[in-house]
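Consider the two complexes below, in which subunit A is the common component and subunit B and subunit C are the respective partners.
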Partner chain A sequence: MAELALQARPKRKMIYVLRDFITKPENIILLLTVVILGFFTVYPVVLLVSNTLKVNIADLFYPELFGKKVGSFTTFHWKRMLFSDMSSTYFWVPLKNAVIMSLLASIIAILFGGVVAFLITRTDLKFKKFFSTVFIFPYIMPSWTIATFWINFFQNPKIGNFQSGMLYYITGITVPESFVYGLVPCAIVLGLHYAPFAYILIGGILRNMDANLEEAATILKATRAKIIRKITLPIVLPALMSTFLLVFSSSMSAYAVPQFLGGTGGFRVLTTTLKQFITNGWYGQGYIMAIFMIIFGLAILGVNQRVTGKRKNFTTVTGKSGQISYIKLGVWKWIAAVILIVMCSFCSFMPLVSFALESCTMIPGDYSTLTLKFWIDPGYPLQNGLHGLFHETQVWSAFRNSIVLSLSCSLIAGTVGILIGYAVSKRRGSRLAKAADNLAFLPYLMPSMAMGAAFLAIGAAMGLSKTMALLVLVGAIKYLPFASRSGINAMLQLSGEIEEAALIVNVPWWKRMLKIIFPIQKSTFISGYLLPFTSCMRELSLFTLLSSGSIYLMTTLLEYWQIWCSQSANALNLLIVVTVLVINLLVNKLTGASIDKGVGG
Partner chain B sequence: MKKLVALVLVFALVCGFAFANAATEAVADTVEAKIAKGQTLSDAELLALAKEESGDFYAYGNSSRVANAMKGFIAKYGEELGLNENNAVGTKMNDAEIYSTITQEATGSSAKVASVVMIQDGAQLVMYRSASDMFLNYVPGAVAGVLDKGDVLPLVHQYINKLFIWNVLGDNVPVITNVWQLTEPGLKDRIFFKNPTTEQVNNNFLIMCTSDEWAKKLADAYKSYYGKDIQLGSYKNAGYKWVAEFLANVNFSVSSDTTICNTVASAESAGNMGLFVLSKTRDLDATLKANLQVGAFTEAQIDPFSGFMYPLYVQMTKAANRPYTAMLFINYLMTSEGFKPWGGAGTNILGAYSTNPAIGAAEGDQAIDFWKECLVAEDAAYIMQNRTVVSDFINAEIAKK
Partner chain C sequence: MPEIRLEHVTKRFEKFVAVDDLNLHIDERDFITLLGPSGCGKTTTLRMIAGLETPTEGKITIGDKVVFDAATGINVSPAKRDIGFLFQNYALWPHMTVYQNIAFGLENLKWKKEDIKVRVQEMLEMLRIEEFVGRYPAELSGGQQQRVAIARTLAPKPQVLFMDEPLSNLDAKLRSEMRTELKRLHSDSNSTFVYVTHDQLEAMTLATKICLMEKGVLQQYDPPLTVYSQPANRFVADFVGNPTMNFINAAVKKEGADTIVEFLGVKAKFTPNDKKEAIDASEVVLGIRPEFFTIRDDGKIHATAYSTLPSGMETTVKVKLADELVSSVVFGAIDYKVDQAIRCDIIGNQICIFDKGTTKRVSIGALEVL
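And then the complex of A and B:
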């Protein structure tokens, strides 16, 4: 009897452990998070890999695959992409172009953003408040905004389609084609788009630096140049490296800018080639590019984690005096301010002016032919099947789709983010919490285009292709990192005592969340809902493969209209940019959150 | 006992009949069976069967004209079929989108399914038809006996041409009489042409130029223009050489034929030309139309071709939810009334030629036989055999630009 009782003890102990485990909501949340997110992050990659080893219908044109059955095994795609005589055209050259474009963009972003950060935080530059607000506009606006403006501004009758642009119309100056289409403009535009990001990261470090460090060097008669070289730069170096890696990674996975500015001939990068393959039904080769993009993205961000984790600890925030002494620029403070006003206007306001003007010209680039037809004409201004914007049902249908998609993604991502935040904070330090936290952040590391390709494979496998359900699924997962970071940050600020009184009187978990936790941290939680909403409204790379030909969003409709009606495309572009700016402003006013204050990228 | 055996036998017989009937009904219920039946029916008989169908009716096509054709169909039959512009929609999509959408709809998981598609690129259609059963062929009984044999399977609705057309303004008018002029330095970047990597019919045209037939004609044209035999160098034949040199000269900055037409016709485009769809000139006003000259309409013509021609196919889908309505729609498309959005006799829309010989060409245009003589036509079999090899060659040449 006693022996039987002893044998029963471990079993009963197991039961108690299990019961204890499943009665705690944080454990259920973590378990579900690990299982579901694990599935939706690992399974798409598995599908991607398996599809690179299958024959698709469009592949049957290849002599090597004549007579094969659709779905049969083949290593043909890998050999063709990496080792054939066409691998240079389809893979190595686009890869080289993407790397060079990203390198240049990173350098431009750091130089421009870093210099502006330094001028604002360490000098007596004029109009600092204005620059702080306006300088981040290019980052809030969709990435192709400056790209479209670049064409509108620099286009001239000697290149491209021989139409006039703003610069030529006003001054008669023409620029060469390589400055309007190709590597150089792609790098410059991406650099300008990510410069605000560099400004935020580097400016944050400079702002918190103790001025005593530099003052001590000044007292010891060190020159300004030496102070910057020996004190300021080493302190901001980790931020510089982190910015470089993040901008590099984001530029490598950029689709919209090289698509709009890549030109008509040879400049192709990984993302545009991937789109071409998928569009033509060559899924095997397209998915191979997606796999390499994921590997690059993970590797670069892994290096970034190492750099930011292993850096030397420069304590810059101390209990001592934090008074900053500004470098006196003298007359240069006005000159620098004027130069910055011109550059900020070019990147922030001029695009909107350009879109407005180009959407009102009967002949593109000719501002003597202004008309409001492309906005208000119920008929066909150009006889190309498109009404004026306000009468075009496609636009309002796409607007509705974008709102529905963004709302759905934000509701799912925001709610799951709060739950993950609660669970991770309650079980902080446990393996399950770490796994859930890492899995919730993983989608951020995957390039948007590659993630779109991965979910294209999932959609085909689960019968969800070209449905809103698939778009909502991929959007919710992609923007979950924003929401989970907000949720975790919010919950880590709360002490456990807040729930204790409610726990003692057996208040159910859901009531504690709704009545206690959410009201206290609602500002942070709401930003977890609104940041995915804003990001979703301006997203193109993630959805371009998934919604092709079926559900038009504002951004994919713009990509389509760009091809065949520049006036209508400019009108739509303006509508999208204004919508995103207004939403971001509202979010900022209501909660203090903003895209630029998110995790970046 | 005997009664029991009899009862069992009767029961088995009844079950057998019911099963056979269900199987027969199942066979009769398939779209294929309905097509086989529909091909023998008149419009009135099809209409009667279509009235019994329910659900939305969708058609996809490469051109916005499919939406106009749908409007005409609704005007004619909508009231009787319960169709209107909300539940009967013609949607414009490019070929790639049509194939991927139909593939997804064929899985049965889509709430919306198209019953009819109008699609270009015969080689890809033939490949899809042989590797899958997503597309089904229906030939209206009224025209089955009058169509050319080559236009029946898959059914060709019309032929469309893309021609060399130039702007006649200014002092530098590119008057083309031989296609080798298009490879000369003086025309670099002045020839607008939709990028073949995004426009499959353009790609198919370039593939056809490498065929033995057209390579020989190009070699002869070279000799006729330059007065000496062509030197191929590393090129396989004269077709490859022409394609490479043509691609080096073309301007891909405009991505739609409508915009190319508007661009070439504008007063600012003196000295420029394009290879684009003739029917896009339909939307130009008289002033802009007067700025254009179609090479094929000149006295000299262009040696050895004035452009190219490709078929627009019409197919039903296996997932069609309204097969009889689809057949009635296709019947309608093959009539002069249904063809009006694209052109035909009685219209001034050039550039589209119905395969129904009863529907003549538009005013001011030439009949289909004229175009078959002076344009490069698609050969689906040749394209299927050579598509990837020549496409790789084309992509490599474009990458050099």
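And then the complex of A and C:
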């Protein structure tokens, strides 16, 4: 009877459905997520595009735009960028540089990371436990760590800032400038930085790959070489491709390394050129660059999707792989171990040693002039306007800013991530949940630099320019993917019945969240808070456009000091790297979650 | 047609002993099942014979070739042991088609292209999977993958075939179908089969001999019906058979020449099949299979029906006797009311008596209720 009545009044039925929809918290969360994130996805793109068609104040000095009104319509930026005598300098050369650099970096990362992953998962290499921990250090440390160490190590009085470096001081060897600044070092350093990333991905695949697949080939009399060629490689190939594309995409949008190692020789990539445009106030060209970076990023992602979703389904490669017999390396297990120790210490320990040493030399690179002045002198050790680090107010305010920013970002991203995870898993499979899931993951795919540029435009449009709020906003959105991923994972592991059991005895929603769901998946949720925090602490490229000239962070201060305040910069660098490492260590200790989980020896 | 010989084979993973001093002699053309609960060392044993795992100690011989000897350092690689291995999860290569999967082993043997084609076709027909020849494993159902895996294993005509729970990923119907096929395959192929399973029914129905293991130690190595009717100890008795054997504590005393056992208010005379098996303990554990604890109107034991579980062909009755539950299986469908009074008896001459301490079987014989 009741049903008949409902059919008779469709309007009433609509209202019931709507009321039913609204009274469920998961629906409201999803709706808000889609609306807010949708806004922050679409709006910046619209702003970027519209700003490339506008005249800015700094543009007025171009003869072509002389006398035009600020804010009026023009296609000048696009023409100048792509079809003028400057287009090669502004666009094509940086693009070519970026592509070559990223290609080389990806190859280095895959070869290095892949070989190490193979050695650790498939052979009887010595000291596996040690390597699996130490090898990922460079990935935890800020992206410029190896770059700055590279300068400290190879710098010599004939090149760059004309100071001495470690290698020169010890051996007197002067390496050519092209090995210290420009394409080659940028590619090598990026490759070394992303090698752990490749190692984690490839190692994960090798670890999870069913050892039976290889054993089946052994029994059918295939040789070791043939097994690797015909079985192992083809099976990990999609993962290799995917790793390659991810490293390539990350290198394309890398900023700190080419910024620090680009040198004076004019090695410029997309990101460093973008930064220059914005610093000069040429927003039009800068935003065009940002748009291209976003397009490249999405294109690479599209290719990646194609590569990983094919007919020969490899994702189902699982099984009981605990029982694997390692390849016996013989003497090589020692030789390989020694080579790896040297490589690991170059990438993981030497940077710290070098920062410490450099920050304690009166004359950079001259270790006979050791002093602690750059750390503790309340005055001006070099008369360069900087106090000893502990007395430098800039450092303390930057430190405070970094902490405040990271805390706010992680609180917002972490909480929102949990809520999204809850809502998505509740409405699993629905179109709304999929939309929210994808939107929450989108910022991960956005090049940081381009996102910074987009939020620069948003800041100007909303009157938030040069405020902490803008930094918090961009940081929270950028790191939301980490939190929403761990939130969704945590919630999917949790059977719905656990919450339903509380629902039946009429426990309100907020209490179910606080008293039941959160405590059960505590450690996963906590890592959803901590990942944004650590990432934020070491982030440069996302904030460099937004914070310049206003709110200094530790990382942007370092960028500012890098070239001419060598000792103070090294001291600050050490401070940042140690802070990041310590926080990471605490995270591992507290949550038991570690980046390399499932790969170790 | 090789036989397989394991002598004092031990495998230790650091401190954990997976297989402890195992001696096993597998005759040619045998169908052996390695049976036991998970973690008992049966898969490790199989992998050691295949060469996928290196024993810590001992000696393994296949045919007249020593393939492993810890004393002399011989360790022949699995590729040179002339064996076939069927994995639990089939381990089909996901990037190769059905044809490529089956042909791979033959290519490694440097067969001619035409010969490979002929042999693969033969296997496809034998396992009735011709229409899937161009498909990738991900496009096949579990049963089809299983057939491809068997085809791949059999294609090079191995003399010895090792199988590691090959049916455990299939549904019940397909499983019983494949059991039939495997038994046919065994008699058709003239090979020696070694088969790992934790399913006692599978072991009973397939094997010519069962090797039952627990915690790395061999418990009994006998034909299936021997294992069933003359279990070596309580563990074997408990593991084989469904519903499981009844274990009842009993007191033993001598009355003249007779051995009298008393349990749950029942007094009975025990007559061992082998007169030499004397029971000198005063406390033992009786092992009575449910089919030997029967229900009949002239039974001497008075009890009540606790619950009745008819399954059509037979009925399992939980009988309440002196506050303990005893399982009984009777042929046909009967349905007793709850707590209905019934009369039971003990029949047959396969009633086991186990030592209370060592759990070893000390005697077997008939039990006559007095």
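Basically, the second predicted complex is superposed on the first by the 565 of 601 C-alpha atoms of A that agree within 3 Å, B and C clash if a C-alpha of one lies under 4 Å from a C-alpha of the other, contacts with A are read in each partner's own complex, and residues count from 1 in each chain.
Here, a residue touches a chain if its C-beta (ideal position, glycine included) is under 8 Å from a C-beta of that chain, and two chains touch if they have at least 3 such contacts.
On a predicted model such as this, the values are computed, not experimentally measured, just so you know.
Of the two partner chains placed around the shared chain by superposition, neither subunit B nor subunit C is touched by A:23. Contacts of A:133 after superposition: neither subunit B nor subunit C is touched. Of the two partners, subunit B and subunit C, it is B that touches more residues of subunit A. In the superposition on chain A, A:280 contacts subunit B only, with no contact to subunit C. Contact with subunit B, but none with subunit C, is seen for A:57 once the two complexes are overlaid on the shared chain. In the superposed model, A:369 makes contact with neither subunit B nor subunit C.
Once chain A of one complex is fitted onto chain A of the other, the partner contacts of A:493 are absent, as it touches neither subunit B nor subunit C. In the superposed model, A:208 lies in contact with neither subunit B nor subunit C.
With both structures placed on the common chain, the touch criterion links A:222 to subunit C but leaves subunit B unconnected.
The residues of subunit A shared by its contacts with subunit B and with subunit C come to none at all.
Interface of subunit C with subunit A (complex): residues 43-44, 47, 50, 52-54, 77-80, 83-85, 87-89, 91, 93-95, 104-105, 108-109, 136, 138-139, 152, 156. Touching subunit B in their complex are the following residues of subunit A: 57-58, 60-63, 70, 86, 89-90, 93, 157, 159-163, 181, 263-266, 268, 276, 279-281, 363, 382-385, 459-460, 463-467, 548-550, 562-566. Those residues of subunit A that touch subunit C in the shared complex are 210, 212-213, 215-223, 226, 230-231, 234-235, 311-314, 316-317, 319-320, 323, 325. Residues 64, 67, 92-94, 96-101, 103-104, 107-110, 123-124, 127-128, 131-132, 192, 195, 197-198, 251-256, 258-259, 262-263, 266, 268-269, 272, 283, 384, 387-389, 392, 395-396, 398-401 of subunit B touch subunit A in their complex.
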